[in-house]
Each structure stands twice: as structure tokens, then as C-alpha cells.
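Once you've had a glance at the structure underneath, I'll fire off some questions.
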Amino acid sequence: MSRFDRYLWNGGAGLLALLWVLPLLFAVWTAFHPSAYEANFTLSAPITLENFVKAWNAAPFARYFLNTFLLVTGITGAQFVLCSLAAYGFARFRFPGRGILFSLVLLQLLVMPDILIVENYKIIRAFDAVDTLQGIALPYIASGFGVFLIRQTFMTVPRELDDAARIEGAGPLSILWRVYVPLAKPTYLAYGLVSVSYHWNNFLWPLIVTNSTETRPVTVGLSVFATTDSGVEWSVINAATLMTSAPLLIAFLLFQRQFVQSFMRAGIK
Amino acid sequence: MLKREWIYGWLLILPALSLIFLFTHFPAAMTLINSVFSTPRGGKDAHFVGLANYERLIHDPVFWKVLVNNLWYALGTIPVSIALALLMALLVNRPFKGRALARMAFFTPTILPLIAVANIWLFFYTPGFGLIDQILGFFGFGQTNLLGTPSSALPAIMVVAIWKEAGFFMIFYLAALQSIPLQLAEAARIEGAGRWTIFRRITFPLLMPTTLFVSINAVINAFRLVDHIFILTGGGPGNASSLLLYYIYETSFRFWDTAYGATLTVVLLSLLCLLAVGQFFLFDRKVHYK
Amino acid sequence: MFDKLFKGTAAAVTLGLLTAIPAHAVDLQFYFPVAVGGGAANTIETLTQDYMKDHPDVKIDPIYAGSYQDTITKVITASRGGNAPQIAVALSTDMFTLLDDGLILPFDNYVKTDADKAWLEGFYPAFMENSQVDGKTWGIPFQRSTPVLYWNKEAFKEAGLDPNTPPASWDEMVAMGKKLTKTDANGNVTQWGVRIPSSGFPYWLFQGLVIENGGKLANAEGTETYFDSPEVVSALQYLVDLSTKDKVMEPGILDWGTTPKDFFERRSAMVWTTTGNLTNMHDNAPFDFGVAMLPQNKQRGAPTGGGNFYLLKGSSDAQLAAAVDFIKWITAPAQSAVWTKATGYVAPRPATWETSAMQDYAKGFPQVLVARDQLQYAKAELSTHENQRVTQILNDALEAAITGQKTPQEALTQAQAKADQVLAAYR
């Protein structure tokens, strides 16, 4: 690569990165300065932590963060288990109705529970699961996307490995656990990331099914400031956003190499 | 006769399938039924109306408008965000100073919840003292009102979606790039292939599975991601930035016209199913060729 | 014989149980929205705690339910799912929607004593217009507001205007606006004369113009709209002209949420927005500002706005009685004063303004009185059957005219035809 090329590429990377990080920079700027400096980027602006105090007092963010954490790990964990079982069934077992049942699963690939909120609320209510973390999670834990994705990976596993384990006397579940799951690690990682990002951002459904502090995720907490009847208070919204996102941002900055490599190690497909 | 394999198969798929039935097929079927009934109002129960709701749909100019908007939205956001994601991954796959920071920059959209980020974008777009106008003003250009003008509202919404998606998809491309053996490109270079040829003939084909994975997600999001519209434009001006799911939300939860909302949902569902099946065949074929 | 004995025993047991567990005999759920920033939710919770301290037998669970829109969505979804709360604060304009769905109860059944009646009659009539229909009371005013005009006194002084005289009429607003509109060397406007935000719910501020113009948008029964009447059309023409002909207002749709900031940044010298912004303006405006009633054309006028208490169906009589008692308590002068001071909403009862707490507050911050004084000219906010759909029809028409896609006459004639179609079923 010529020197000119390198400059060009580095310049491009820098510019694009700057564009992408602008919202975060703006969030940091407003969160640490009085609201009078929200649109006024002078270097002499005084620094303050008052916005964080205001945000902290407005909603129990520590609890919301814990709820989101439990919710996201719970959903992703349950999805892994249920989808792996079904994917294994569809990939390696022949049984009557397989084709039609699989196409029914595929229909759910793009049909998100978000658009079936009223009907789903009735079902959750019938299970008496309104205002519980399970209630938020239930419609999502069996995911057509997950089944489809994991099945694709399982189908690439050589039959011989399967047969060898069976000759050793392993049952289906043990074969799934010992042969298939380890080989599908990168798929789990990729799918896990999609799922985590989805539920970290989800707002409307949790708002509808939750009633109490003990169950609400961060997004619902953030919406206290997002209502615009009396104008947007960027300084406080952004302080709250940073408070809830900082742990993840810092973690990514510290571990990004390992993070990317763990995808790489087995080669994401 | 029941074979053991059958029973295993059924048992394995039972938990996932029953939940999918309960939370997708059953409510979807209810929606389909609701779409041929009237909306129950003021003590009047729903009654069968046949295809009347669908007839109304055909004559509803707002429906056609949001459908066309949504197609533009999909056409605009899907290819651009995938191309940008790939470009970003290529850029930060090479070692250079500040690479970790650049990667983190691209990762921010994944972490900042859309409901909070929409407010930040609102500031960027604000006429006069907003960031875009401050920068334009610095160079002596005039002022904009991007969200308040019908022709620019939808593109402004699309930019936010692209920002959100490209950074997210970059991660998958980056991981895939790192798993491509360096020797492949090295061998090609020795044979005199240029960088562009290497990318076109080696890198890009090897990234195909990732591209397909990412494109499924992009299609889903093109019809699902509407949170930012609530804060940025509310679908305005005059439905210029409204999308199908947003219109469904308005009809069902603001106008409480549940029957018509169900009818719109059926249209969205059929559209999505069509896309899902289409993509499945594409994906299935490509992966098996490998 | 057995029967009697059984009944007697059952009654005794019930009585015993009731007296044995005095605490939390009644559980109430109370959904409320927050539309004015984070502090309001805490005030509601504190007030609820205070009530429970005095009434140990009642347990109230105040549930923050998002924005107004989120709250009504949650209320109706929960009610349809058979899980209705007992109390909800929702927009006063949602009355017909809740009525048509058969989800709410009138308060009249619980207003029995003379003291109760006096309480019900103690609200400003302008606020009760949106709360009563067919001789029954379906909503109790709580977090109510009305739009006012805020003006930047410094900008007035710089433009050679008297900083203490806001525009009193439409013509004055245009004339002052022209003096206040400043352009830089490149021809870009750096300060606009006036800003009437038009995003999301443009009908609200527009309704102020309509009332001032001597017109009205709908009848009290919520079955007829008058979108294409001459008063409404010329009001819209005035609004459109502010940007296109007089050039005193920024063209295009102007965002509601960024309006206070726009005022603080001196981008607009006069802004129309809700009284709910008073506290925000008071705390954050970097210059001296004034608050005025909206300017008049044929007459003074403004719509009311904001939220009412509703009583939802589907609960026991004991719960509903307790719910009404709580609503009476929280709208009483002492509590109402706390709420008004914390949020900037207009206290909905004259009695609240007479408390010493409010009088001290008004002495230090006299601008709060403007909204109260404007109430005598205020009319009910636009509210009809299928309210959100009808207002959306009007909003679309207003946006089309403001962005120049249709003329005011065209847009409003079409809107009227659409509204007629929707409302035909209710006539």
C-alpha cells in the first residue's frame, strides 16, 4: 500500500468514525455542561455534574439497569436453549410434518411480536404475567430467526461426527450438547448480539406490560425525559443515557479486540 | 407405526413451536379474523363485514402513501447501510493508530438506545442553532428545516436509520474479514492482482454468508424500526415521513380503529412473509453452494 | 333456618376479617403521564404517600405510564385485557374516546353531599367544558394548561419597541414581528419575530387563532366540525401568511419540543407555547422575558389543554369510592398548590389561588397569573368522537397548508369532508 493510499484510508476511517461518534460526543458535551451550553460549543463552558444528579433523582436507574440486564440475559439464554433444540430437530430428524412445521417457523422470521401487541397483551394477561420480567420476555423467547439461523449452521456439521458419537452410545441431547453446540459458537455469538441489541432497545412492549419499578427496563426509564410537552432537556436526557450506556461503552473499548476475535476464532458464517 | 426418530423430532421442536404458535400464529390468526369484522364501538359488537375493510384500504390515500414511503425507506436504508458497514469494516480491519477508538465509534449506535438517540438527532436537525445549521452557517451557507419540509423529512429519518444499522452490521463484517486467511490475498497479489480485484474476486465472495445474514436483519429493520419517528417527526409533515408500522400504530392505538389496524397488519404480514420466503430460498441456496 | 344461620355467620366472619386487617383494605392503581420533565413523577409519588399516611386503609400504587399518548394506550390496552386501573390521568380530549369504548364512569354517582357538590362546582368553567357531556361529569381537571405568548424583553428593546408591551392584536404581532426579524450579511435570518410551533399537534395553537377570529372548530357534543367555515379558513391564512407574506416566522413545520430552546437561543423573539413551560422558562431563560395572553383579532381567546382524572370501570364499589376520595383530596387547595408550583400547570380551582402558598408564589413570579386571567376567554380544546382521528385529519390539513402543498381553503375543505365521513356515525 502506497503512503498516499494509507493516508487516504486512515483519513477516511477517521472521518467516518467522527461522523458516527458525533451523537455520543454531543451527549457527553451536554451531560457535563449546564443546559445553557447545549447548543453553544465554547471551550470555556463550566463543567458540572448537576445533570447526572437530576437524572439519578428522576428515576431509579440502577434498578432499571439491573432489570434490563436480567431481561436481556434471560431472553438470550432462553432463546439459545429453545432454538437449539428446535434447530437440531429440524436439521437432523425426519418426522411427519417437518416441512410444513418448518415453514410455519419461517413465517415468524419477519413477523415481530411488536405488531401483535393487543392480542399478545391478552395472552400475557391470561397467564397472569403482566408486570413481570417473564411477561416481557415470553413473546420473544421462541424466535423463528434463531431456529432458522442455528439450523443452517447445524446442517453444515458433518454427519460422521454425529454417527461417531451415536456409536459411543450418546443420546440426542448429549450429541447436541457435545457435537453441535461447540461447532456453532460463532452463530450463537452473532445471534446473541442481534438479540441483545434488540432487547436493549425495545421500548413499546415493555412499557405496555410493566407497571412497577421492579420490572421496567432502562428504555422506559429514559422516556421520562423524552416527553416533549415542555421542550427537550438534552442535558438531562443525555446524562441519563450516558449513565446507562457507559458501562457497555467502556467494556467494549477495553475488550473490543477479544470481542472481535471471539467471533473470528471459529469463523463466523 | 411411530418411530423413535419421529418422537425425538417432535419433542425437540415442541417447546419452541408451541410458543411460536401461541405468540405469533394465534394472534396473527386473530388479526386476520378481526380484519373481516367491524371495529366494536360504543356497545355495538363487531359484526362481519366481509372485505369492506380491504376495500377501504384500496381507497385510502394515506395507506398508499406510507406503503410507498416504506418501499423508499427500504430501498434507501438497506443497500446503503450494508455498503457502509462493509466499508467501515475494511477501514478498521487494518492496523493504525486509534483503531480501537474508531471501532468504538462505529459501535456506539448499538449501545445508545434509539429513544435517547432520536433526541440527539433532533438537535442535529434543528433549524438555526442545530448542529447541521451551525456547521452550514460556519461555511456561510443558508439555513435548513430538514424535518419540517415534506421533501426532506423522509431522507432525514433514513439517515438516522442508516447510522443505527451500519455501525451494528460493521461488527459482523469485521469478524468475517478477520477469519479470511491472509494467504489468499497474498497469493493473488503475487499473481499481480490489484486491490480492487482482490476485493471483488476474493474478499467479497467470501463475505457472502455474512452479507446474507446482515441483509435479513436489514430487511426486518426496514419494516420494524420506527421508534425514532415518534420523536423526530410524528410521521409528518402530512404523512411525508410515516411508515407502514407507524401507520398501524396510529390506527390501532391512537384512532383505536382495531379492525382497520388489523387489516393493515395483514398487509404488512403478507408483505413480510413474502420477503421471508424469498430470502430463505436465496440464503439456503447460497449457503449450500459453499 | 340454616340459611339464616349461614348468612349470619358469613356476615360476622366478613366483619371480623374487615376489622382484623384495617391496613390496605382497598388497593388502587393510578396511571399517570408525565409531560413536563422528570420532576413531576416524584411530586405525584410524594403526594400519594402523604395521602396513604392519613388513610392507612387505602393503598395507592401510582404508575408512571409514559407520555399522554403512552398513558392512554396503556389504559385502553389494560381495560380491554380486563385489567383496568381505578384512576387514570389522561387528556381531557380523550373523554369521547373513553366514553365510546364504554370504559369510564361518571363522577356524579359519588357526589352526594353538599360539600361534594361544592367541590365539583369549584373548578373553572373553561376546564369543565371538556369534562362534562349530557349533563354528567366524566373528568376532573388536574394537570391543565393553556397556551400563552412569551416575549424576549431584551430583543424588544434592541428593536426599538417598548419591552413591557407585548402585541395585543394580530396586526400588532405582525408589525412588531417585522421589527424583530433580523438578517445577517448573507441574507440569513438570525432572529425571527414570532414562532408558533406546528409539529405533532398543530391544531392546539391553531385553535387559539380560530377562537380569536370568532370561529370554532367543533360543537360541544363532539359530532360536528366546522373546519371549512370562513373564520377557520382565514385564521389559517393568517398563520400561513406569517411565513410567506409577512416573513416574520420561519417557514416549514416548526418543532414543538425545541421551541423553548429556540427562544433561549434568541432565534425567535416571541413564542407561543403552553403555560406548562413557565417553570422551564423561569429557570433557563438567559434574559428578561414577559408572559402575555395570546393577541386578539375579533376577540381574546385560547384553548384549554392538559389532563383530567378519569374513573375506570371494572372495579368494586369500595375501590371506586376510595378513588373518588383520593381525587377530591389531591385537587383540594393545599395539594393543588404543591402540584402547580412543582410543574407550572394552571391550578384548576379559584380556591387554590387564594391559598397563602400560591399568593406568595405569585408575588415572586407574577407571570403565573397571566394564564389564570386568560381562562375567562378560554374555550374547550377540540374534542370529538373518534377524537384522535378527527384531530389528525385537521393536523394533516394544517401541515399541508403550512408547507405550501395546498391552499388553506383547499386543505380545510378536504379535511371537513373527511371529518364528516368519520362523524356521520355519531349524529
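Things to note:
Order of writing sets the labels: A, B and C. Residues in every chain begin at 1.
Please note the rule applied: a residue touches a chain if its C-beta (ideal position, glycine included) is under 8 Å from a C-beta of that chain, and two chains touch if they have at least 3 such contacts.
Just so it is clear, the structure is predicted and the values come from calculations on it, not from any experiment.
When chain centres are defined as mean Cα coordinates, C lies farthest from chain B.
Between A-C and A-B, more C-beta contact pairs join the chains of A-B. The centroid of the Cα atoms in chain A and the matching centroid in chain C are 37 Å apart.
Chain A and chain B have Cα centroids lying 15 Å from one another. In chain A, the residues touching two or more other chains are 38-39, 117-118, 223, 226, 228, 232.
Shown for chain C are the residues that touch two or more other chains, namely 73, 77, 200, 257-258, 261, 265.
Residue positions 122-123, 126, 129-130, 231, 253 of chain B are each in touch with at least two other chains. For chain A in complex with chain B, the residues that touch the partner chain are 1, 6, 9-10, 12-14, 16-18, 20-24, 26-27, 38-39, 82-83, 85-86, 88-90, 93-96, 98, 101, 103-120, 123, 138-139, 141-142, 144-145, 147-149, 152, 156, 172, 186, 190, 193-194, 197, 200-201, 203-204, 218-219, 222-223, 226, 228, 232, 234, 237-238, 240-241, 244-245, 248-249, 252-253, 256-257, 260-261, 263-264, 267-269.
Residue ranges of chain C in contact with chain A, taken from their complex: 29, 33-39, 41-42, 61, 63-68, 70, 73-74, 77-78, 80-83, 200, 256-261, 264-265, 273-274, 276-277, 279-280, 284, 286, 344. The part of chain A that touches chain C in the complex is made up of residues 35-36, 38-40, 54-55, 57-59, 117-118, 121-122, 125, 130, 207-208, 211-212, 220, 223-233, 236. Those residues of chain B that touch chain C in the complex are listed here as 41-43, 122-123, 126-130, 137, 140, 142-143, 145, 147-150, 231, 233-234, 236-239, 250, 253-257. The residues of chain B lying in touch with chain A in their complex are 3, 5-6, 8-13, 15-28, 30-31, 84, 87-88, 91-92, 94, 96, 98, 100-124, 126, 129-131, 134, 163, 166-168, 171-172, 174-176, 178-179, 195, 209-210, 213, 216-217, 219-220, 223-224, 227, 231, 245, 248, 252-253, 258, 265, 268-269, 272-273, 275-277, 279-280, 283-284, 287.
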